[in-house]
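Just below is one structure, and these are the notes that go with it.
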Amino acid sequence: MQRTQAMTSVQPDWENFYPRPISEKIPFFSSGDGRLYDCLFAQQLNPDLLTGLFRTADKLRKVTQTKDGADHVAGLLSHKRAMLYFVQPSTRTFMSFLNACHILGIKTSEIRDTSTSSEVKGETPEDTVRTFSSYVDMIIMRHPAPGFVEKTAWLMNRTGRPVPIVSGGSGKDQHPTQALLDVYTLYRSFEGDIDNKHIVMVGDLKRGRTVRSLSYLMRNYKGISLSFVSPKEFRMEPDILEFLKRHDIPFTETEDFRGVMKTADAIYMTRIQDEHDKAGESRAVDYSPFYFRKEHLDLIKKTCVIMHPLPRRHEIEVAVDEDPRAVFWRQERNGMWARAALMAHIFGVDGKIG
Amino acid sequence: MQRTQAMTSVQPDWENFYPRPISEKIPFFSSGDGRLYDCLFAQQLNPDLLTGLFRTADKLRKVTQTKDGADHVAGLLSHKRAMLYFVQPSTRTFMSFLNACHILGIKTSEIRDTSTSSEVKGETPEDTVRTFSSYVDMIIMRHPAPGFVEKTAWLMNRTGRPVPIVSGGSGKDQHPTQALLDVYTLYRSFEGDIDNKHIVMVGDLKRGRTVRSLSYLMRNYKGISLSFVSPKEFRMEPDILEFLKRHDIPFTETEDFRGVMKTADAIYMTRIQDEHDKAGESRAVDYSPFYFRKEHLDLIKKTCVIMHPLPRRHEIEVAVDEDPRAVFWRQERNGMWARAALMAHIFGVDGKIG
Amino acid sequence: MQRTQAMTSVQPDWENFYPRPISEKIPFFSSGDGRLYDCLFAQQLNPDLLTGLFRTADKLRKVTQTKDGADHVAGLLSHKRAMLYFVQPSTRTFMSFLNACHILGIKTSEIRDTSTSSEVKGETPEDTVRTFSSYVDMIIMRHPAPGFVEKTAWLMNRTGRPVPIVSGGSGKDQHPTQALLDVYTLYRSFEGDIDNKHIVMVGDLKRGRTVRSLSYLMRNYKGISLSFVSPKEFRMEPDILEFLKRHDIPFTETEDFRGVMKTADAIYMTRIQDEHDKAGESRAVDYSPFYFRKEHLDLIKKTCVIMHPLPRRHEIEVAVDEDPRAVFWRQERNGMWARAALMAHIFGVDGKIG
């Protein structure tokens, strides 16, 4: 977790830095030793890193099954303090991170509402965050403004006392730990072997952040094929399709859910993202052909897994939950373990777990 | 804390389960070894269980008087995480449970306002609770909707990863840990011997949850006699009076507080519950004859204790607080210890305290 | 932390106690052994106490630099529970205290909004606080009502189970730990030697709580000279100027910031306190001559430090932050260490740190 002086001193001004391609920016948010320092982009999660994090997460769950193991793990970072700065409501991600901190023994403080903060006294958001960073060793941040989390990391890295920034969701684009837990769920579902799988993504693909990140990360694996199943109004965006073509990942687009589910190894369901509606356009769409119903359980492979980033509305019938192939509740829990693994990695204690 | 498969697999649907008599439902919320798994009803607190919990509470307060003892106790459940899910305001009960968790070393997360939760994204309350259960080992829940806490426990017990549910107050009826702390206060006040006492309950007996539960639990003791002192508008409800007759517990009803206080061993004061008013009916009632005043201290027995579930308004004059027979502040503190004992019991570490 | 019975039993009624001079009241809030019991007034911080606290704070930061040291310190008060009762918004002070508790291993509960408390059920604030005190070993309290924090401490000291009360800001006057951290920042900036320094205070001196406390505490040091730089509308109040004359501390008042900054050893910047405006009077004042700008860095001594209690608006240009003489971010962090030292002192474990 050492910042190299070289790295921090050559950073240009924010206005010049921000628009650069993510691939160029990644080194600025890494430690000298190849570890992540800040976690901001799904693109930071390269194959080696992913494998390392998954193994750490697996070890964490195994070791903590005994009281002695759990106490050992809770001692690893008992000298660290984190702040969860969540100014955008997200109880799910918040709780997942909070309990991941508890697992590692990290002490936590919470900001969940800026109206109680000094922002009311005319302080800039940058000063507010810097203030909080004074008290802690890490900030886990969720913020609705595009680029705010990244800017915080950038700014911190210019100070004499930086702390790692871990994104818990930034604007409409980046939610790297959601991507991490999704791939971790594939990893666990397929016993570590994600190659050569047929992955079907279903729903509002146009506006879903998770299916976009997951598509990106598929380039890390071999022989993947993707099917995108959505109403025509909510098809996957062209930038992702271009990306897949560039990386030779075959994909199909269809409205015929039943047709593709039979060959799926994983079905990734998503809800309609009507909070992004501009004028209630979601109401005009018949979303029901894109529901997973109990009767579909007879159609899919015995080994196929059904995922969902949750929360769900009606996309998956509740009766499906009791089928062992419904892994979305485990996926939820995987998030906590994957986030604990990420923090153990950033603080460099992942080698001390097993 | 092992759930037996037999127990969970025979549960009928909720609609058939919920209306059953509580006595029939108790086994579904117990562990295989006779311990409580979930704590939902005052009726679960049988005499053996109560005695065990009181002894555990007494041991906890004794052992934690030294730093070594406190650190030992705080290590007992240091590998456990609890969520306090309080969607109905109750700082008092919340803080009592929270600090009980701290005593045992349980790590805590809090939900105190559902508006920040994913319920806004259209998730069902059942899914929300199941999500939170993913991260923790116990849920302590307060909810205004009748049956919601019970339904959560019932639902959890059907999943592959149940966690115990402890009620911190459910609807207008059940608040089992309040009943627990009230009886614990009697136990401590009478040096363990609750039998043969004359207990006077005063105030809004019609709508007070605590006096109802306390009356029920009196069947666990011998030779108890009760006096109910209230304005005629707020007399104890017939179901309780029937219950007492059925169990041969003698009681009187009166408006003459001074008349009965002289022979009381415990006086349980309550405030007027005007939050349950339908049309301001409380305002028409003269509640002042049901106040305990400083001058009454000369009338009561030297050994009589004055209790109150708090918060109070004017039912007990502040000058009374300094009298050693005023035990309501100790009663408050007893709640924390009794709740800690309950959690130690549920997690099966009560044998490791002394 | 022993209360002596003599001390508590002679306390007069609150109405007679409150108006007394602070110097007379200090003994009532001290432990028998000369330690602070409650921390309510900057005036409690005498030179010996300040020196002791600074040394403890220095030791805390040094020892906690290693994991073993941090774990040792986090074990010192692992058996204690504190409540942060902050009914006035103050994220900064709140977080500073919270993380100070984390450093010492103190478990914490939070009240940050009285609307969720039983006050809605008609409870008095005194009863509410006494309730919370039942669960914990210390209350850290911020309250807008003048005297409320002091009254709580006074009231607690009359009960059979008092807990120390630490003020996190009370009304418009007292914020003793802010004074503590300000002097600690001088102490660190001048390598322990505060004597013979020229300290320049700038801004809204009339309504700034911090500059008033800091002026009072200067009587603890020798050879201090002060300059007060403010718009004429916001000059330092006469009571402070009288106090300085009485203690032979020379001071000047001026509007010429540039003129005095050259000889300053410390420049204490403050923002305009327009939340205290009665009718928007701040808007009529040109505050810009009282800004510290980047160009001023060339005018001040190489050893001069620039302080600010934060939050800032425009009083200090952001470009100043990177200069090593800008110590206000360190000042922020000093607050956490000074508060940890204070709590270690109150609980009597300061001797076990080094």
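Each chain gets a letter, A, B and C, in the order it is written, and its residues are counted from 1.
Operating definition for what follows: a contact is a pair of C-beta atoms (placed from the backbone, for glycine too) under 8 Å apart; a residue touches a chain by one contact, two chains touch by 3 or more.
In this text the structure is predicted, and so the values were computed from the model without any measurement.
Comparing the residue numbers each copy contributes, chain A and chain B share less than half of them at their mutual interface. Overlaying chain B on chain C by C-alpha atoms takes a rotation of 120 degrees, rounded in steps of 5. Centroids of chain A and chain B (each the mean of its C-alpha atoms) stand 41 Å apart. Of all residues in chain C, none touches two or more other chains.
Of all residues in chain C, only 75, 78-79, 81, 83, 107, 109, 111, 115-118, 120-123, 127-128, 130-132, 134-136, 158-159, 161 touch chain B in the complex they form. Those residues of chain C whose C-beta lies close enough to touch chain A in the complex are 64, 67, 70-71, 74, 89-92, 95-96, 98-99, 102-103, 112, 271, 275, 310-313, 322, 329, 332-333, 336.
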